[in-house]
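I have placed the structure first, in the form of structure tokens, so that the comments after it can refer back to it.
Chains: A, B, C, D, E, F, G, H, I, J, K and L, in written order; residue numbering restarts at 1 for each.
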Amino acid sequence: MSDHVYKVIELAGSSAKSTDEAIRNAIERASQTLKHLDWFEVVETRGHIDGGKVAHYQVVLKVGFRLEDGK
Amino acid sequence: MSDHVYKVIELAGSSAKSTDEAIRNAIERASQTLKHLDWFEVVETRGHIDGGKVAHYQVVLKVGFRLEDGK
Amino acid sequence: MSDHVYKVIELAGSSAKSTDEAIRNAIERASQTLKHLDWFEVVETRGHIDGGKVAHYQVVLKVGFRLEDGK
Amino acid sequence: MSDHVYKVIELAGSSAKSTDEAIRNAIERASQTLKHLDWFEVVETRGHIDGGKVAHYQVVLKVGFRLEDGK
Amino acid sequence: MSDHVYKVIELAGSSAKSTDEAIRNAIERASQTLKHLDWFEVVETRGHIDGGKVAHYQVVLKVGFRLEDGK
Amino acid sequence: MSDHVYKVIELAGSSAKSTDEAIRNAIERASQTLKHLDWFEVVETRGHIDGGKVAHYQVVLKVGFRLEDGK
Amino acid sequence: MSDHVYKVIELAGSSAKSTDEAIRNAIERASQTLKHLDWFEVVETRGHIDGGKVAHYQVVLKVGFRLEDGK
Amino acid sequence: MSDHVYKVIELAGSSAKSTDEAIRNAIERASQTLKHLDWFEVVETRGHIDGGKVAHYQVVLKVGFRLEDGK
Amino acid sequence: MSDHVYKVIELAGSSAKSTDEAIRNAIERASQTLKHLDWFEVVETRGHIDGGKVAHYQVVLKVGFRLEDGK
Amino acid sequence: MSDHVYKVIELAGSSAKSTDEAIRNAIERASQTLKHLDWFEVVETRGHIDGGKVAHYQVVLKVGFRLEDGK
Amino acid sequence: MSDHVYKVIELAGSSAKSTDEAIRNAIERASQTLKHLDWFEVVETRGHIDGGKVAHYQVVLKVGFRLEDGK
Amino acid sequence: MSDHVYKVIELAGSSAKSTDEAIRNAIERASQTLKHLDWFEVVETRGHIDGGKVAHYQVVLKVGFRLEDGK
């Protein structure tokens, strides 16, 4: 880890299928524009209900990624 | 959303299989007696252990539903 | 516990005598109208002061009870 | 306060105008069906955004009311 | 800010009109006896209900003020 | 409550006998120097152990009292 | 909501007039550079005091907005 | 205290009689196997309900004890 | 439950596959050395990211087990 | 500790040099006017930035001191 | 402060030497790309252990900076 | 990390000199009896005051270490 600096952002992913997939959806979307993604932490698990059933799971995450030097 | 008022109740669902199913069990039980269920939020994830294995996952949820006017 | 669903309500009991009695008062009042009360958890312990002395202890509880099927 | 028991429920009121009005809307809706409302406490202040402006303030409240004896 | 030391006190202001006025009432009352009031932070927003309407908003604040040297 | 302003202080009372007595000891000590004590709220319950037994219960409280005008 | 991903940022808006206006100021500033703003949540309400009066209310918000695909 | 190091463990004691006794039961059980118990802190107060009455109070504690050198 | 005393320990399990499996891995590892495991509670859900994908889910749990008498 | 009562106040100390010195500055300022200072607990660590560097560390503390009898 | 809007980001700095240096490292890295950095707040202090010794302190910070108009 | 399981314990280290040294003292004491120590997290920073000066800093840590298989 030497003296690297990390930035932590907050994302909310959703999935009609599972909380784990909601996490993966958020991470994979973030990896389209950010490099060096390193860890995540679940902040909140929520969801929407439609017709008396779970319509979507929504998971709010903190995601940490290493900043490159001088950028 | 105009000026609707929502009530938020707390439920605990359980499942021998998964945390996601424990959530679904609680929502589907609530929908037997309540209309207009709109969202949920996980408050706590717990469980019981039997014979050194997870016997049940138990998920405590807040569930919000819209109150109809004048009732 | 199989796949039962529990409802969790919040109550505040009070007693001039002790915090333990304030808990008992809330539970016993709830049992007049609810069946299958199963557990409680203390959320907050407060009280009122009168003439420089504790007038009442007030304990806010979450109380869980099992929902019967289809009701 | 003697040895009364209070029930605490959670409500979310909304208003296009202000957070204070969102609180009043929730309280006044609750008073249509519940007697002896006594206090409230703000749990969360949220809202929705539409077209880059606040569309609605939404305030989640705990509301306490006294239970009558034997009911 | 150099090496000043601040004291932080907790106050509860109330107002029949608005949460913002409840904050102002607490600050202005504190300024009658304390100098160098510098910042505040809302700890809790509560209130009392009478006749099914908000009777008073009550806002609990932390208020910081700079201590003068050697006093 | 009209527009009164309250100050909230934090006290820790202790007792070799019970947590309730630790609360009473703190309130009664505070009432020797402060008027208009109105409510308390338990912040933390701790204690010391000596020889494998509870030596003292220690309860940390917030205590609110009404400020008189202009003082 | 299908499987959209949201980013959540944290902003602090201020206003000399009211907490509600501090929220609106932060949202409207954010909408100058971000599209698809969807919801906000109040994290903290603070302020500065000058001459014994509230000089500015400052409200810290989390603001969520939908990420477009592949950007 | 010089430069001693303490270990903090978490215990749950129960009692059919009172929360204070539940604390004492946990401490006295811990003292059968651990030396140098020094302080405790209440983490959670819960309980079980049977037949509409409190069957057991259960108190979760953190308990700190001094580690001897080199063990 | 009579007057049993429970010890609560904290474990972190991980799994490349799911959060539920991370929980099961931690419980089953604990059951190799501890008897009378009774309940668990999720404290934190985290994970590591590698190549823009979730590499491991990691779940931190509190796990409670009954202490036998006099040991 | 017998049945002493402690008062807990909140202070914010600052230092251009270190967080530890910010703590010492607050304690030493408090000891100019208060006797029997006994313990402290860090509530918050903040600071100000000037020209892209830490200008001051600011540490908010709770400080406990024993009240003398009858004062 | 007039009606400025601030953005708050989260960073994790690390240092083999001290927690204070971990804070400085994060702030100085952020100042390479952001102007008007104004304050920070410590969210979490963690670290890694190697060979039974602290290898790195890691401090997670919220850092606030003023947004310029219309950007 | 594959599917390792970690145990998390809580320790309080102290030092008359600095909070960083209090952390190091706790870690180094733990490494006398535990292998595979991997990370720590600060839970609480406290201390004792003697003669109006900081006598000891005390830092409460969670410390995680990898469990070996089958032990």
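The criterion applied here is as follows: a contact is a pair of C-beta atoms (placed from the backbone, for glycine too) under 8 Å apart; a residue touches a chain by one contact, two chains touch by 3 or more.
Remember, predicted model here, so these are calculated numbers, not experimental data.
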Those chains which touch chain G and also touch chain D: E
Selected from E-F, A-G or F-H, interface repeating D-G by over half of its contact pairs: F-H
Between chain K and chain L, centroid-to-centroid distance (C-alpha), Å: 23
Distance from the mean Cα position of chain L to that of chain B, given in whole angstrom: 38
Centre distance in Å when chain E and chain I are each reduced to the mean of their C-alpha atoms: 44
Centre distance in Å when chain C and chain I are each reduced to the mean of their C-alpha atoms: 30
Of all residues in chain E, the ones touching two or more other chains: 9-10, 19, 30, 32, 48
All touching chain pairs, where touch follows the definition stated at the start: A-B, A-G, A-I, A-K, B-C, B-D, B-I, C-D, C-F, C-H, D-E, D-G, E-F, E-G, E-J, F-H, F-J, G-K, H-I, H-L, I-L, J-K, J-L, K-L
Chain G-facing residues of chain A, complex: 9-16, 25-26, 29-30, 32-33, 48, 55-56, 58, 60
Residue ranges of chain I in contact with chain A within the complex: 18-19, 44-49, 51-54, 57
Touching residues (chain side chain G, partner chain D) in the complex: 19-20, 23-24, 27-28, 30-31, 37-42, 63
Chain G-touching residues of chain K, taken from the complex the two chains share: 1-10, 62, 64, 67, 70-71
